[in-house]
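The data blocks that follow each hold one structure.
The same subunit A turns up in both complexes below, where it pairs with subunit B and then with subunit C.
Up next, the complex of A and B:
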């Protein structure tokens, strides 16, 4: 067991089928080599989810992990991550959420919870400091995430209990279902809400009344106060005042604002869906997560019209995917669409991309009126988009059942060339960054462990900061993605909010880790741990069939030239992409097929894992 | 005449500071980007340069994005940029993603 501070030193292992669980200790070796969060999740999935374990089988695990900083005074650290084999991708399923859940879990004295098995009836899991167990959720089944949170708090008679739950979409095993806590915070990606649904697990509730001991309380307090002050400065102003929707107009100017299912990189109504407009007309309040001085969560309210009173948390990704990506320009309707996703429990990014694909299919005559439940599913028809989302969330009708599978499977079912404009990597729908006009970003999206994602390497940053020529790719971009992935693996293991990264100086992450845990850790050692974590997760993917073929962007990136003024004619060539991917594998120390080598794994202390993927 | 103008657009905090979406500036010869920034600051206030994080090295890419004719100007390249009539300049916040 970990003797140091920061960590609780123990986690819950619980079998839903047996209805019993136990406490397990976290070893010092695991703690220092894998840090927490993402690292612990990689360890759990690698150890317990063997080849052939289906995502919806009782053998799939559902692991919840915090980091060594959660529950401490360190800012932006009330974050937790959930892991399972993804039903959407078949690979490493992983999502991170904020709010107050992680702080509460650590205050209850636990670093994480690893769930096995399947319950015979709907249940929710309740951690009450040292005690834990199942409670009946029959009355909660069918309720939205917002209703569930309120009802659980009511049943437990404690409004301070933190609840993470699934909505009807997760219950129905919609593959893009998410997990929601604190109403507006989500473990959004890779369909982990549907894994909860497959286990008949409606919610997780936590009450923690203790506190987390740290190695150097005075030092951590002083440093945290310094970080708090930095967080109040100009570098986080964009999050505090404008929120991430401030990205819309800058993306527009760079022709990298995905619209019309990524056919274009600009939107003729960008001004109408901009963060600047939203702030003036729709933002009702701004909310902070526990222990966060930044407060980025901008909550919209529809003030009049048929959706008057609708509220939803709005970030750039949700706004673009359910706005320009579907050709929709009405902020009222986008807010309504996000509310449907949040309450029913589906990921806004995946939902938006999947509906946008269906719109393109409909306009091209690939999907008929009968296929789409009679909807006039053209780009820009906001009412049709909303109805399609409702069908998707409940798997209703032919359209709902199709879209509930996510864009990769849906296009596989429909065929007729629709696979060419199904915008995903590894089955995970692409985020709001244009593929062809942000090429380093695209390499990072496509090599991402969990599928298309901007949060695994942040490689878009060199494109949008003008550090590189964003319209070209070459071998050197591999190193940029590699370094970003290793660094982000640590951010996701500690776990810190990525919005604090702009105020962190070199050495600050290792300083936080050392002050909290007492382990002396240099930045170089931390980055090595990041590389170890990434390779461990990669080994999991290799076990489940990943290879080079899975590290490519979708056909649209290669086969269609952009038509927007300023980037007209731009596309990615196969040759330049292969060159960049080769460069990435080379710097990673992997084979040309994207498989970690024996030497690299040995260097990272992962010899056993190498044997596990057949290279021992 | 349109050909003698530089079009300057503001988004995010720069729109708030300047109180407008865009301005046009008539120039009859090439103009350094720092000179343009100086002119904007003298018109709308020096909060503009503070918000850019303008210093000897250029501007702070963690704070702002400067785009000239669709190309991002790297923070340290700002002083190298010379504008011509017909150019389009955008001042916006830095692009962010995460959470």
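Up next, the complex of A and C:
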């Protein structure tokens, strides 16, 4: 049993097939070596999901982990992460969400829940402090995420219960399905909602009435209030005022606002979908997650027209993917599209990129009218986009069944060169950062453990800030990605919100960890833990077949020159990318094939894991 | 703290500013219980989807129903309007909680006695007011709160007048 405070010290292991579970203790060495969240998830997946375990098989695990700070007064820490072998990528599946779910789970006395097996009928899992078990969900099957939350609260007779659920898309095993809690917060990426669906697990409900014990309550309180105060300053202003849609015009200027399925890096109607415009015309309320002093969640309401009354939480990624990336410029329609994704339960990024790919295929004549259910699926046709999303979420018709597989598989089915404009890495659809005009960013997206992702290293920041030449790549970029990944691995393990990172000074993360747990930890030790966690997750990917070939951006990055004024002619050359990737592997201490070496793993205390991937 | 004459101060939540972050609950629970347990807070945050967020605590009612409801005289109103609960007399029947129109009392989760906001008398500063990240919570008189609303509506009215017309 873990002696350090902060942690609950125990987690639930549950088999859905047997309908039984038990409490397991967390050892102190796991706690201090792997921190929590991402680190614990890496441990679970590595230990339990062996080569050959199919993502939708009962043997795949579905692990829910919080960190040592969740349920404490430390700001932006009500966060949890979910892990499984991803049905979308076949690799490390992983997503983080916030809201109030994690605070509640820790208050119930649990660090996490590890779920195995498959239920024979629809169920939901209820944690009520010490007690836990399954409840019938046959009445909930088919309901949207928003309806499910309401119905579970009603059934349990407690509107303060926190619920994380899947929508019809997850039930139908749409590969890009997500998990939603507190209405607007999602475990968005890598298709984990469909893993829940495959297990017939409709929702997780939690009620916690206890308290998380921390090592130094006064110290943690004082430091947390200091951080809250810092969060009133300029470093979080963007999130507070415009929310992440503030990026639209910033990215437009830098020609890195993906539009028309990443063909371009600017959008001629950017002004119309800007954060500034949205705040004036659509934002009705800004809301916060539990114990967050920032509050970034901009909830839109459509005021007029056919979609009057539509409500959806809008962030930059959703806005770009279901807006400019599909050539769509009407905020009303984008809001409607996000609402469909959120309630039906699919990832807005993956959905947007997949529909954008279909639009490009349709315009190029690769997809016929018959393929797209007779829709006029041209870029900019918002109604067609909305209809395509509805079909996707329900796997309806030829188009719905095709798009529900995500862009990698869809392009594999269609062929005819459509793979060249399927914008993904490892099967995960690319986020809203152009590949060619933000090259350090692209290296980070492509080496990301879960596939194309801006949140695994934050390497876009040096490009956007201009600290490097963003239109070139060289060997030195590897170190930037490496340091970003290690640091973000800790943010994702503690788990903190990335939006607070700007106010954190060097040493603040270790200070938070020590105040909460009582375990002395220097920043250097934390970063080493970050490297350990990343390597452990990498070992998981290697077991499931990952190598250098999986760390590349899609063909569009190499083969097509940009046409936007300011970056005309820019593309990534194979040579510069290979050089940067070599630089990355070198600083990681991995082979040129992107495989961790014996020496590196030994340095990180992962000797056994090295043997597991054949490096004895 | 400045004098307010015959007027009482109460805790008022600005609905425009409140975003449901629950920081007030966390700091209240810490102040009263040295614990991060939001369910021990003396101020309660409520979110009504999709837009309404509000923090509510004792309103210092003129005829407090909680006082009337208590069969043991454990609940009394003090001169400043705040409510005092005698821990020894209270047996956790929760009638005071049921009777409160604002639902701002609670049962202590461990010792099962009724708890209610005491306006942080022993601390000097109201923790929810001090630490609300959005300055949505204020400790003020209803008169001041009303004047603020009047001022805001007047300012809004003025801003709407795009071309001010001078009357002779």
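Methods note: the second predicted complex is superposed on the first by the 616 of 616 C-alpha atoms of A that agree within 3 Å, B and C clash if a C-alpha of one lies under 4 Å from a C-alpha of the other, contacts with A are read in each partner's own complex, and residues count from 1 in each chain.
We adopt the following convention: a contact is a pair of C-beta atoms (placed from the backbone, for glycine too) under 8 Å apart; a residue touches a chain by one contact, two chains touch by 3 or more.
Because the structure is a prediction, the values reported are computed rather than measured.
**Q** Could you figure out whether subunit B or subunit C reaches more residues of subunit A?
**A** Partner with more touched residues of subunit A: B.
**Q** Name the contact category of A:89: first (subunit B only), second (subunit C only), both, or neither.
**A** Neither subunit B nor subunit C is touched by A:89.
**Q** Check the residue A:517 against both partner chains and state whether it touches subunit B (first), subunit C (second), both, or neither.
**A** The answer is neither, since A:517 touches no partner chain.
**Q** With both complexes superposed on chain A, which partner does A:210 reach: first (subunit B), second (subunit C), both or neither?
**A** second
**Q** Between subunit B (first) and subunit C (second), which does A:284 come into contact with in this model arrangement: first, second, both, or neither?
**A** second
**Q** Touching A:259, do we find subunit B (first), subunit C (second), both, or neither?
**A** It touches nothing on subunit B or subunit C.
**Q** Applying the document's definition of touch, where does A:464 land relative to subunit B and subunit C: first, second, both, or neither?
**A** first
**Q** Return first, second, both or neither, reflecting whether A:447 touches subunit B, subunit C, both chains, or no partner chain.
**A** Neither subunit B nor subunit C is touched by A:447.
**Q** After the superposition on A, what does A:241 contact: first (subunit B), second (subunit C), both or neither?
**A** first
**Q** Need the overlap of the two footprints on subunit A, from subunit B and from subunit C, as residue ranges.
**A** none
**Q** Mind listing the subunit C positions that touch subunit A in their complex?
**A** Listed in rising order, the residues of subunit C that touch subunit A are 19-23, 26-27, 30, 33-40, 47, 49-51, 53, 109, 131, 133-134.
**Q** How about subunit A: which of its residues touch subunit C in the complex?
**A** 71-73, 75, 100, 103, 107, 146, 183, 209-212, 214, 217, 221, 225, 228, 231-232, 284-295, 299, 301, 311
**Q** Could you list, by residue number, the parts of subunit A that touch subunit B in their complex?
**A** My answer: residues 96, 98, 234-235, 237-239, 241-242, 244, 246-247, 249-251, 253-255, 274-276, 296, 315-317, 431, 433, 454-455, 458, 460-461, 463-467, 470, 497-499, 501-502, 566-567.
**Q** Which residues of subunit B touch subunit A once you look at their complex with the stated criterion?
**A** It is residues 9, 11-13, 15, 50-51, 53, 61-63, 65, 67, 69-75, 77, 90, 92-99 of subunit B that touch subunit A.
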